[in-house]
């Protein structure tokens, strides 16, 4: 094992303790500092992890040469300035989702990371669950073939948030997962969003996102705070196989169906072609065993690995930007009655 | 029991035999004639029901004074001319869905029925299942309160139709049910539809319909021929209760949840209002027992009752028009990338 | 295709029409006669199948040289005498379950078949469903390893039968399936049965059968007429894999779990051995696709094949005897408060 | 609020920390002492709860006049001597299940409690879950009518225990719940048990218990360490309604079916009676909302309440004895091939 990396957690509120606990437990990391504007909160959290010292001054953290990286778990509106300062100070940066409060701010963070040749990682935790890691692997190895559609449903009786609508509250989970499993990431041609506020709560409490993906493929997301039943399900249809991820069924979270429609393309006119060559497969179903691993632990391991290997993290700043750009387009579309809005996703650098 | 009414079934193809079997078994009806252009087909079907004679000439049927009504089960493009001729000849008319091949044709049928003071009924069979009848009753008596949203999913590995897309193939079921259970019928402010043809089949194989209903409420329909799993589910959220109809769960088709979000409206500004007064109910769930009855039998009984009582059928011509107008708007919206398209629904006459 | 075989159906009551329909539709068979003591019933059923003539006299059927085989669908108490007469007359015999009204009668039928070198087949219809055929195949090829346990549940709100208890009404299904899938058939060391009649209906309305199978393995059957929920499930545990058959889940009737406990046997004392070498497998789950085929059609095909190939049918007379012997032992055990009762199963002839 | 009661937890191993955490959080209790033979373990646990002191000497605990009660969480073989010593010293006693290592030992504990007029309570934790409390309440108020049968299934891929068989490992949960919900407690006429050890593990790894309850009613328990699927389900059939408790379905743990068989008893002979008057109800299903409460917290509240009110705890020593007596009879029956074994349950005192 190489030496562990020094890290500071900035923000000791809701998510910071989860990060701190997993960083403390990881052999990759040495949790040196818990930083929070509230000295009591910083001290209480630091006390739980031997070796970590509390801090209230971010400047002192960034000036500490033993700190290799920071994990930012503060309110979203502060992410960009904190991250850019850390990157300027030579620290690698992990940021709680959403990466920033706007796509523009997120892009400034990417630029700072690139300029300083440092890792900027978005903590899209869900992507590091065993189920999503397996989906990504299956798609990458071609088990599903070309992706035809993704349909994601995330509904339950949820807390109506005071500051964000249901799209910004729930859809980041679906979008970051779709971004993670698609080989080229989330690159819709446009976004159509229709939200509804039937209770008059002042913001959308349920909504639908439709994302044409090019080549006739489409992604769709249904998010809803008003459903009495809880559903967490994604269907991913491909030319070879189709996958269903039912996150509320611990006994069979993933099902891969060797079942589908085959369409042989021929040089005939449209009608004959379709009539002549549609065929149906009704093959076996397969449910891969999944390991039991905590997603945050895998995520902090990926952060360390990307730093050591000098490569982008699997959920890098660009992934964070893609999710934000889709959410921004959704807000614009919803305000325009669902009219499709183009999304400006930066081209992959490679 | 009053005397039975004489009826002719026109069209002995796929659906005609189902109508004939139920009309023959009903004490309301006297099945007199099976009419089909193909004399063998007419004769074979008539032979199954003692007392019915085969015919190939529609004119002869319409001239027969013993015939009170006709049930039309021919291709959709022939519905309007056949129905109008029958109505002009003084016959009540039942028409297999879709009511016609266009909203304009369907409206001409309504006019002919009104001019002749006869019953025109759309055979929206699904509306007469015990589950849907119960949903209509629950909403009518206020058990759900005001309707906030309807979310319908109808997906499975389905036959790709050679002549219609997935909206016209599957969504009529969802739309006719929504029309049936809403007290004022299906009257969306607009229709947004996005279809996808990821296989290049020449028509949409999966698609999403979003229908703002006014007052912040919304209906949404997901239809899909490419799903390996079969789902037939509708969630109807109301201010008092929420209902889930799972048609593939014969042991508990309907669940009524006394669970939801309450929002007390106060004369405060928007943010305070929502923060102060959101509350959550987590009450019991209730699943009403449903009788075992064949929907077509109930439907032909409704046809007879509407004639005898001189009233509109529950699924009258206007219901058929509303469904067609939404489908036409969906086609227009899908062609325009999902932009919302206004729907021209005639006002209720009442 | 070889020439079809001539067959008569004896008994035109509840099950006879199903046999007649499938025999008529089969290229293996030529349905020549429908025989019933009630001439109208015989005539009505024969009229449905062109070429079949009605009969009321069994003697005439047995004397007809064009008849190769008879299918008996009369009350169980008449099976033995009818079958023996048919076998003496040189006809192959298929018998609706139960094979006879007692094990002794069933054995007389086997003797008559053997003496006349003819096929005697029990119509254990359930064994010819795609799911059970697949289970038999998986066990035969060793996919499950050695069988450790079989647990079968068949419960729902069922009709209380006037003449038989719940064991004789429902358990024949479970027992004939267990007999079919086990490589050596159903050969329990003993039978313990406890029935309950909590309503005072005069016979057991729910009951439990426990069947030690030798080598520590066990089969268990729960049958129940009083359950508000319907369950049709069998779990079959093996040393290599475990299988769950859920007959009410058409989307995933069979699940094969590569999951289980491994116990390495070592020459140590008992306690150490178990402690040292228990390990757990948590592998994938697999659900084989099953063809859509009607079980009776497959069954009548097996009857023809066994005749043509001069071999025992898969569900031969001996299978019928094994099921009856277990049921008789269950009755004896239940009368003795559940004390184990030995079962006299004839050895396989091999 | 009355003053809190002083308590010591004896045993700081697996279960003691759960008791300590809930006692510490309860306003009813003042957690004074953590006692364990291992001083480090006692100190570490005491340090987690401000105000508790570690001890290694039970005698010192029992001599402390501030201690009103002890909670015993030591190995089962030590329960009787510790509990009797505590009761002799004037302390109320709560004992982790099983109450003792034998029915005889447990009865000596009851005698000591009675002689000293102190509370002896069995920690049958499962009985204090919201679902089981609701079942008890429904039966007590007559919602199910007379109980006809209880069928409990508790199966999954479980750890093979080195020292106990599957009956003693899993069935105490089912038996203590059945004891809790039946108005007169668990009083079977006899016990039939068949265990199977198909892997040669040295003890039963799956087994079936059948318990005739008198009046034709019956309880049955299926416990299994070798099942690849996890099931936690109890069906309780009554003359008025039937209840299903599915503990793995958090969205609908309890379902109450107004569905069943009615049998009108008449003064006719047996056959006519049953034929004439069986009728079937197919009413609604109802799923009561359940509060979210931790069972141990409710349990320690019941311990305090029983002390303050000078009454027996809901799960008192007698309940613990009944469970042990059934387990002992099961062991005897299993050793005798499943023959029914009488159970000696003390009569209720009242």
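The first chain written gets the first letter, and so on, giving A, B, C and D; residue counts start at 1 in each chain.
In this section, a residue touches a chain if its C-beta (ideal position, glycine included) is under 8 Å from a C-beta of that chain, and two chains touch if they have at least 3 such contacts.
Here the structure is a predicted model, which means the values were calculated and not measured.
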| item | value |
| --- | --- |
| Per Cα centroids, the chain farthest from chain D | B |
| Between the pairs A-D and C-D, the one where more C-beta pairs touch | C-D |
| Averaged-CA centre spacing for the pair chain D and chain B, given as whole angstrom | 54 |
| Inter-chain centre distance, chain C versus chain D - centres from mean C-alpha coordinates, in Å | 41 |
| Intercentroid distance (Cα basis), chain D paired with chain A, Å | 45 |
| Residues within chain B bordering two or more other chains | 229, 259, 282 |
| Chain contact topology (line, ring, star, complete or other) | complete |
| In the complex, chain A residues that touch chain D | 229-230, 251 |
| Touching residues on chain B, where the partner in the complex is chain A | 146, 148-149, 151, 155, 157, 160, 162, 190, 192, 194, 196-203, 205-206, 208, 210, 212, 215-218, 220, 222, 224-229, 235, 237, 239, 242, 244, 255, 257, 259-261, 263, 265, 270-271, 273-275, 278, 280, 282, 337-340 |
| Chain A partner contacts - residues on chain C that touch it in the complex | 252, 258-259, 282-289 |
